[in-house]
Amino acid sequence: MIDYEDASPEVRAIFDDIRDTRQTEYINNFWKALAHDPATLKSTWLAVKSVMAPGALDALTKELIYLAVSTTNGCNYCIASHTVGAINKGMTPEMFGEVMAVTALANSTNRLANGYQVPVDAAFRQS
Amino acid sequence: MIDYEDASPEVRAIFDDIRDTRQTEYINNFWKALAHDPATLKSTWLAVKSVMAPGALDALTKELIYLAVSTTNGCNYCIASHTVGAINKGMTPEMFGEVMAVTALANSTNRLANGYQVPVDAAFRQS
Amino acid sequence: MIDYEDASPEVRAIFDDIRDTRQTEYINNFWKALAHDPATLKSTWLAVKSVMAPGALDALTKELIYLAVSTTNGCNYCIASHTVGAINKGMTPEMFGEVMAVTALANSTNRLANGYQVPVDAAFRQS
Amino acid sequence: MIDYEDASPEVRAIFDDIRDTRQTEYINNFWKALAHDPATLKSTWLAVKSVMAPGALDALTKELIYLAVSTTNGCNYCIASHTVGAINKGMTPEMFGEVMAVTALANSTNRLANGYQVPVDAAFRQS
Amino acid sequence: MIDYEDASPEVRAIFDDIRDTRQTEYINNFWKALAHDPATLKSTWLAVKSVMAPGALDALTKELIYLAVSTTNGCNYCIASHTVGAINKGMTPEMFGEVMAVTALANSTNRLANGYQVPVDAAFRQS
Amino acid sequence: MIDYEDASPEVRAIFDDIRDTRQTEYINNFWKALAHDPATLKSTWLAVKSVMAPGALDALTKELIYLAVSTTNGCNYCIASHTVGAINKGMTPEMFGEVMAVTALANSTNRLANGYQVPVDAAFRQS
């Protein structure tokens, strides 16, 4: 991983923007690892910054969706970091429990729909 | 698939509860397929009814999480049915676009974290 | 897809072995598609023939496991073909229902274990 | 994680049922983690108790299916715990080897069917 | 889906860039669907344009990797479109067969490594 | 795990072939774990030896595809071992960065195609 002190000016500029945007000096390991590929570091950070900003959905709802996807995929790093991220944005233990319950349920019913080979209802088809 | 008319009393009772709860006569194909196994039909419906009800998270947020998980898993039936379900609960086109954007981003960064073998920050570890 | 009539001698030999082993003239689409790559056709068929044969587990149990994995992965072709394959080996509707219920449950609890970041019990660790 | 001593009466009742059902004092970490959300703890335990009980399939076969799904999903906790669970229900090393071989094969052929875009045979389609 | 004729100037500008870059009038359905969310359309197209351009890896190799990932995920649209895309960049039937064989093998051995709980060799660990 | 010294003649023969083929004394943990099931050890090794050998695609391209699939599946062992394997076959840091970028992009667009329910273009359909 590449620390701020050892980073190129290009990488430092991204690290500075992460710090400014998040209002913290802390750069987490994900970004330090991506720093090995400045182009991916930059595009990934800009995507996170843009996509996770409040819009039609608030920032917390977006974090909960992110956590549900990461939990489905079994990405340990992402689960750990986005659990903390969601708590920082206001996720309560009750909300966490409900995100997990919905995620578990969806993963269950997704397989029932697969295995029973359920045809899509005409009412659900896009014209 | 088993229609209401051909269903056993046990299955009809579940179908009746689905209709009451959802305030519609329509029983979608998922439940008609599960009707082949009344025990799974019942437990799955009770789980959906309980987990998807408003709690610390509102019903729409839960639908969005469900849609994000189904999209991640590529379950066509579930994507189609829960897109309609979310619209019925108030999802706007802008919200849909943001759910998709967050889901796509999380699937992307999950793999970057995997492939770069990023160690979990001490700050993110559960004590 | 490549039919028997249009197949090379190399491919025909595999098709003949499929017919002999399965005691049917019918060659399903999976093999006809793989016939475009005779090396993969051959190695895949030999693996199926060997792995799915009765051993410590009987042939039906192996089909049920195959179906559970295919259902988890959402492979429509494999779900359709192995559901029929399992029925041909003796799967009853009750067994099918239980395979689906276990598959759905495992997909659910897998995500709960992920999301709650449950550490492996010492009792479960391999020495 | 929440130990029995620190658990609410509601959680203790579930822990007691786990101990009774499994005939062991040991409560594994999965349940101690879920104890943070008593509703999910209860519904998950009741589902496990019901779905994994012998029915048309015996308890060992169900454990093998569970293990195959967990292996497909790469859930480390679930693989570790259900490997031990299966051994306790009679899984021999030979059976374990065959579950792994079938799981690996299905994961392989699932992708061949995907990538070759194999159309489902009419013979495999549900009417 | 949104056709060029019905698109906003913002979307048309992206469609024009897709046409220029790919040297074809044809806009495929993926982009027409994304046109419902111009921000995601733009960021996704710019990512595709940038990431899939020749670099340390040539454009064909990148297409083969894309196809392998899509095959692993079972994304039918992506498999169909990137198979054609790879053929247009020079993928021969032999190359396609080898991509499929490697993809199938990796999906198989990934599960063997999971299920056998193989510890990472010290020689493979990142310092 | 089973070391060479403790292995049966059948397993030793495979280990010898791995050593000869790879020109190294080192047998990695994956093979030592599979040694518990000599039939799977043998068939897996022969598949790896055959599929990963240079053909229409060179050995490095095959390793990159393998790495992309393993990264998609989140198989930590496979990511670690095949990253080293790819480096040994000539993968530069720039190539690694591009494999990760393509893998992340494909995982992202796979979900956009799923969630937007994009129909396959006639131009991409196989006749």
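Read from first to last, the chains carry the letters A, B, C, D, E and F; within each, the first residue is number 1.
FYI, a residue touches a chain if its C-beta (ideal position, glycine included) is under 8 Å from a C-beta of that chain, and two chains touch if they have at least 3 such contacts.
Please read all numbers here as calculations on a predicted model, not as lab measurements.
J.: Using C-alpha centroids, which chain lies at the maximum separation from subunit F?
T.: Checked the centroid distances; the maximum from subunit F is B.
J.: More C-beta contacts across D-F or across B-F?
T.: If we tally the C-beta pairs in contact for D-F and B-F, the bigger total goes to B-F.
J.: Averaged over CA atoms, how far is the centre of subunit C from the centre of subunit E? Could you give it in whole Å?
T.: For subunit C versus subunit E, the centre distance works out to 27 Å.
J.: Just give me the whole-number Å value for how far the CA centre of subunit D lies from that of subunit E.
T.: Each chain's C-alpha centroid was found; their separation is 34 Å.
J.: Could you list the positions in subunit C whose residues touch two or more of the other chains?
T.: In subunit C, 36, 39-40, 44, 47, 72-76, 80, 83, 94, 97, 99-101, 103-105, 107-110, 112, 114, 116-117, 126 touch at least two other chains.
J.: Applying the document's contact rule, which stretches of subunit A touch subunit C when the two form their complex?
T.: Residues of subunit A touching subunit C: 67, 71-72, 74, 76, 79-80, 83, 99-100, 103-105, 107-112, 114-117.
J.: Would you pull the subunit B residues touching subunit D in the complex into a rising list?
T.: Subunit B reaches subunit D through residues 39, 43, 47, 50.
J.: For a test of understanding, state which residues of subunit A touch subunit D in their complex under the given definition.
T.: Residues in contact with subunit D: 74, 93-94, 96-97, 100-101, 104, 117.
J.: Over in the complex, which subunit F residues touch subunit E? Could you list them?
T.: Checking each residue of subunit F against subunit E gives 1, 26, 28-30, 33-34, 36, 40, 44, 47-48, 51-52, 55-57, 61-62, 64-66, 68-70, 72-73, 75-78, 80-81, 83-84, 92, 94-95, 97-99, 101-103, 105-110, 112-114, 116-121, 123-126.
J.: Which of the residues in subunit E end up touching subunit B in this complex?
T.: So the residues of subunit E in touch with subunit B come to 36-37, 39-40, 44, 73-75, 126.
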